[in-house]
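Pasting the structures in now, so scroll down.
Consider the two complexes below, in which chain A is the common component and chain B and chain C are the respective partners.
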Partner chain A sequence: MPTPTYTALANVTLGSSASSVTFSSIPATYRDLIFVFSGVVSAGGGEVVRITFNGDGNSANYSAVFANGDGSTTSSGTNARRFGLMYASRSQTVASFMDYSATDKHKTYLSRTGGASNALEMIAGRWANTAAITSFQVFPDANGFASGSTLSLYGVIS
Partner chain B sequence: MKLIESKTLGTAQASIEFTSIPSTYTDLVLLVSGRSSRSGTYVDNIQIYFNGANSNLSSRYVDGDGVNRGSASQAVGFLGAIPAATATANTFGNLSVYIPNYAGATSKSFSADVVQETNATNAYMEITALLWNQTTAINSITLFALNGQLIAGSIASLYGITKGSDGIVTTS
Partner chain C sequence: MTLSALGIFSAAGAGGAAFSSDYELISSTILSSSTPSVTFSSLDTYSSTYKHLQFRFTAKSTRASNSSDLFWQMNGDTTQANYRAHFMYGNGTSVQSFDVGSASISYGFISNSYPGNTFANVFMSGVTDILDAYATKNKTVRTLRGANLTWFDGSGDIGLASGVYLSTSALTSFTFKDRLANIEAGSRFSLYGSKG
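What follows is the complex of A and B.
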């Protein structure tokens, strides 16, 4: 029997649309975290999903660089708290939070996000804080996550 | 994360197939080390389809080869590029495919990270978003090289990931 390396911490399938989803009381006992989203936006064509760690809503404490493509053109830029893309057609995000419980380094994440019918993107982000991540909130710029969307969080054992 | 099945090719094969995938997990992760027999070139496409039918698939990618970047969409299950016959000997491409909610009753949106590095002029890295526009549960997966065979030494491993409770999640 192989050693399980992913431990399921939380999973939610939205019963109604939500403007944000918060994962809290995250134990510090894992090496990394993996976040997975599959779903659609509750209204509109598409929008950027952002992230807040430990309730820190000051965008000055965040930075992110992204590169994306829509099937014909590519672009790259910077955009604080950028975490994902979500569309009216089904899209997904898989993101890694590296060494999230360390207290001697700023926290970084790597996100791969988008949908086959729209655009996709890779994002490297940083939260300029050495505190361990104990909670985070994901939220789209406007509207919300549609009912039926699934969000999961896994801990990875070192 | 639990290993469902791992396959290592002893001889070149047209495809690698996982069948009778149980529906008891939340997500699937597929890890692949692959190389194509395609002759006369250094690269081939690796593709995927589900439940025995190569249809209802679309994909969109962003890639870079060390010089150029690009993006395109296709009406197939394109995952990315792997080395082929003229690529540096003994080099294989690496793929990580994440399939959320594979047993759910919605269309299946999933993603792939694909890299190859051959210590040569041309090598690709890609991220790809894919959609299987079917609401049935995924019970089999087929991988194949578009213009050749997957050569001996290619490996594909399928893992299942089980969901946890929602006790630490709040919505607003």
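What follows is the complex of A and C.
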């Protein structure tokens, strides 16, 4: 049997709304992490979903650049800890955390996010820290993840 | 509600389910010293095993600048007419798109803003797909890549690049090349195959 290359590490479907979701005790076994979530905001309209690594809530340690389109216009900007978009109708996000356990690199992520009825966006983000990622938390800006949102984490070896 | 207390991760098991994967690691390298290019060769060996190939990488340049150019090349072919590429990116200010076909280059395009050595520890991340890698048709290569701090204003960029190698010859090698300097030590390139 070949060595599993792309391994499911965690998978959750929220049974109730949640202001944030944290994945902790992430081992350094893999080269990259791939994180997928499909969600709906628990209240209100569109929101930015942000990320925190290893409990570091200092936005000065983060940077992110994004580019998006909504079917009529495009835009680009910078927005620390920006990780995804979520709306009242279901949206999806797929992100890679590259070399997440390396200790000689700032941690970077690539995220693709959007909802079919709203907008499409790609994001490159950086956590200015060389520590291995052992946990991360995702949270919408204002409200939370609605019940039924799904979040999955995978590890990729190299 | 924070779900970490529920032990989602540990409940799933750190080792994960041992499913047999149709997405497999073929080769991986972390550069111990800087080099002008990184080549994955003998790719024809995998033509009966995999349908698609994917490279995942983190890279930076030795160039004494904020950024450099990262290109790709197939089969060692330096014929300019055999490459064509378009890219679209956002640089923190606007979204732009270009046709690289008129740039007089003999490589495919990945990024013109992958980090130079101005900023320590800052690497670009990228995922490059070669879809239908072994079909007897022109080869298409698609990349999502992004980096921070690489532009003059420090915003970095996020972008997509799509290119074609205008040859129906069998794929034998794929090269990542820094057009202006060397690829820095510590850069990592991994190759995966997907069965079809």
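By our rule, the second predicted complex is superposed on the first by the 154 of 158 C-alpha atoms of A that agree within 3 Å, B and C clash if a C-alpha of one lies under 4 Å from a C-alpha of the other, contacts with A are read in each partner's own complex, and residues count from 1 in each chain.
Everything that follows uses one rule, which is that a residue touches a chain if its C-beta (ideal position, glycine included) is under 8 Å from a C-beta of that chain, and two chains touch if they have at least 3 such contacts.
Predicted, not measured: the structure shown is a model, and the values here were computed from it.
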Sharing chain A, do chain B and chain C clash or fit in the superposition? clash
Considering only the touch criterion stated at the top, classify A:150 as touching first (chain B), second (chain C), both, or neither. first
If you stack the two complexes on chain A, which partner ends up touching A:72: first (chain B), second (chain C), both, or neither? first
Could you look at A:9 and tell me whether it touches chain B, chain C, both or neither (first, second, both, neither)? both
When the two structures are overlaid on chain A, which partner does A:114 contact: first (chain B), second (chain C), both, or neither? first
For A:24, decide between first (touching chain B), second (touching chain C), both and neither. both
Touching partner for A:38 - first (chain B), second (chain C), both, neither: first
Of the stretches 114-122, 132-140 or 150-158 belonging to chain C, the one that collides with chain B: 132-140
Chain B and chain C contact sites that coincide on chain A, given as residue numbers: 1-2, 4-12, 14, 18-26, 67-69, 74, 112, 122, 153
Chain C to chain A touching residues, read off their complex: 1-4, 8-21, 23-25, 28, 56-58, 88-95, 121-127, 144-149, 154-160, 186, 188, 190, 192
Per the contact definition, I'd like the list of chain A residues that touch chain B in the complex. 1-2, 4-12, 14, 18-26, 36-38, 67-74, 89-92, 94, 112-122, 148, 150-154
Given the complex, residues on chain A that touch chain C span 1-12, 14, 16-27, 29, 31-32, 63-69, 74-78, 96, 98-99, 102, 104-106, 108-110, 112, 122-126, 130, 135, 137, 144, 153, 155-158
Listed in rising order, the residues of chain B that touch chain A in the complex are 1-3, 26-27, 58-62, 69-73, 98, 100-101, 104, 106-111, 113, 127-131, 161-172
